[in-house]
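The following pair of complexes shares a single chain, chain A, combined with chain B in the former and chain C in the latter.
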Partner chain A sequence: MPAAARTYWLTSPCRIRRKDESLIIERDNADNVHIPVTDVRDIVACAETDLNTAVVSLLNRHRINVHLLSYYGDYAGSLLTSDTSTSGETVLAQARAAQDPQAGLAIARSIVDACAFNVRRVVDRKLLTRPYAVLQASVKTSTNQAQLMGAEGTFRRSAWEVMDTKLPDWLQLAGRSRRPPKNVGNAFISYVNGITYARVLTAVRLTPLHSGIAFLHGTMERQRHSLVLDLSEMFKPLMAERLLLRMSRRNQLKEHHFDRDTNQAMLSDAGRKLVVQTVRDEFAVTVAHRSLNRNVAYDELLYLEALALTRHCLEGTTYKPFRIWW
Partner chain B sequence: MIGPDDVGGVHIKYLYHCRRQLWLYLRGIRPEHLSATVQLGEAVHDTSYTRNTPVDLGAAKLDFIDGQHWVHEVKSSTRTTPADQAQGRHYCHRLYLVGIDAQGTVLHYPKTRRTQRHPYTPEAADQALADIADVLAVATASTSPDRLTRTACRGCSFTDYCWTE
Partner chain C sequence: MYVVVVYDTLAERNPKILRTCRKYLHHVQRSVFEGHLSDAQLRRFQSNVESVLDLSYDNVLVYTFPPGATPQRLEWGAVEPAPSDIL
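The block that comes next holds the complex of A and B.
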């Protein structure tokens, strides 16, 4: 990833304007910030953001994507630059792999396994030994995507139950609920998953892969970037589940970080700032990479993952989805 | 895939550096967008020799041609490589095709303040043609060429792609 260009996270309501070759971020009650456009890799807008045509054309020219997270914390969508890195030959290779029943299923299986492996790793190795063994068995016998998703769902439910035993009452998930999240624990998970999805989308767009051709999720499912859904699977536990457990253990999450009523919950302004800050710092954490012989940031792992899949499609090297190795 | 007219300086450079790199590049693997070393290369371009406008020859881009028809190329490395020379040769060939008798290439290395001249001889012209044929051969290969050795890959902006497991 480029050393100079960075991801910008907008955490309070603002307007982005353009002045020559720089972006000006205007906020109420705060000074304007000038950012040279070459300093920006992409933007994650976590709060209400206005921008206009002049800004979009500048962003487009510099291949900068803007990811928008909705008020309720869901991933709302992205302004993607029209210029992608996709290459015909690579996309064809990807489509061939996705359509080949054997090859496609093999990738989907390994994604589900790696995802469960990572969930177990961050939640509780011992208590999830059995559910993980069950999952591995059903992954082996699954013959289509729906069965794999089912197996993953079953495993996930056990994992959330175990999670609840480690969370204080008010943060417990009581099962996963989305759109809207029913309680604060779910609001947290949804929000972090939304950010992870946005980061993976950026990573995929840097490779020649097509973001809509998937292996586990249905291709072009609901107009979404299904491949991004596939690749996010392995990283969601690394960010969402892991940070929820950690922040709870350290008493960093407080009631005022959430707004809630009887049947739904969301992060409050203060909560959103805290969570975004934490997630952002987490993406910058580095680990020693075993085959590259250098330290890589979590953020970069997403990109390396997309590259590994590219290589699999293009050159037939085995694809081993990301497993937390540290 | 690509024809002789599409072969540009980058293709020639990659051909000499690593055939696998060329093969991948032709399939859209372009990690140079991301590499800090390449960004540095671009910065050198922007700041040195600003008086001269680059000349665009379709697939080939060169830094400038002087009044005596020498092609000038600015390099961000410190040492000359066969790839640099091949690229220069390729530009001379391109110019020849559009009716300009290029004398040869002058490679500039601002970091060491050195320049190197490579005249465009008939042998160089033959080699330029052979290089283009080589690029096309790599382009149509159905499988990727092997990786170089790990040490030979040092500094290559494709390392992340080639060596991540």
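The block that comes next holds the complex of A and C.
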């Protein structure tokens, strides 16, 4: 990943314009800001954003992706630069691995297992011991992707219940609901998941992998980047669940951070800013990597994960999905 | 590395150098820019700036700080907020 460049987060409605071969952000309620193009790695637009052809061609020249989150905070789409690291060989190897029922299923199994491992690690090791054992057993016996997803769903449901016991009343999830999220807890989770998804997409685009060929999620079913859904699975608990628990313990989340209606909830402007700031700082946290012998930011873990999968497809090294090791 | 750039040029060349600086750094005062650059970016910046300057009259100062260090900033008066990546 480019070292001297940052992700920019747009949290209020704005228009991106091109000026002097660089970018200018125009907002209604605040001053215009010039941002240097060379300092931008990618842009996450969390609020309504306008841009035009001139901007897109500049972004393309500097290889900058723009990720757009919708009004309710779920992933709406991306403006991606034209492919940089194309490699037919990798895509073919990836397709072969995904089509081979044995190899593909093995990857899907390890992804589900790693995801559940991370959820348990983050939420509650003790209370989730049994559900995790049940999940491991059903992962072993399942013979297709649908069964795996079912097993994961069952595990997730018990995990959400355990989560609720640790959250104050007003933040409780009462089951996962999306599009739109039914309550504030779900609104938070959706939002952070959307951001994580976008960042994983940026990471995948740095490798020659095809973002549509997946191992766990249906490859052709949706117009989404299924591979990104697969890869973001392990990182969602690291960001969403963990941050929700932490921020509620620290009393950082307040009622005014959310806008609530009868059957839906979303982050307010203040809340959005707070969450984006927290997530941004969290992505910059580093941990000691055991095989690289150096500190690695969470951000870079996403990229390393995509690289590991590339290596699996091309060289046949066993793919071990990301598990929280610290 | 963190970089602070200060320039003093003939008024008619000011817009040109301003435009070049904006590509790489954050504008913090009329003729002061700052931000993170990699070594390669700094070299590219230098050659871009040189091509618009009259080296016999204009003057550009670049202060660099070792990697990992961000200089402390003391501020008085009507200050531009420090460049942020959350907008």
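Observations, loosely collected:
The criterion applied here is as follows: the second predicted complex is superposed on the first by the 324 of 326 C-alpha atoms of A that agree within 3 Å, B and C clash if a C-alpha of one lies under 4 Å from a C-alpha of the other, contacts with A are read in each partner's own complex, and residues count from 1 in each chain.
The rule is short, and it goes like this: contacts are C-beta pairs under 8 Å (C-beta built on N, C-alpha and C of every residue); 3 or more make two chains touch, one makes a residue touch a chain.
Note that this is a predicted model, so its numbers are computed, not measured.
By the touch criterion stated above, A:87 is placed in contact with chain B alone, chain C being left untouched. Touch criterion met: A:34 reaches chain C, while chain B stays clear of it.
When the two complexes are overlaid on their common chain A, residue A:133 makes contact with neither chain B nor chain C.
By the document's definition of touching, of the two partners only chain B reaches A:206; chain C does not.
Residues 2-4 of chain A lie at the contact with chain B in one complex and at the contact with chain C in the other. Touching chain C in their complex are the following residues of chain A: 2-4, 6-12, 14, 19-22, 25, 27, 33-39, 273, 276-277, 280. On the side of chain C, the complex with chain A involves touching residues 18-19, 22-27, 35-38, 41, 83, 85-87. Within the complex, the chain A residues that touch chain B are 1-4, 63, 85-90, 206-208, 289-292, 303-304, 307-308, 310-311, 314-315, 320. On the chain B side of its complex with chain A, the touching residues are 1, 24, 26-31, 33-36, 39, 143-144, 159-161, 163-165.
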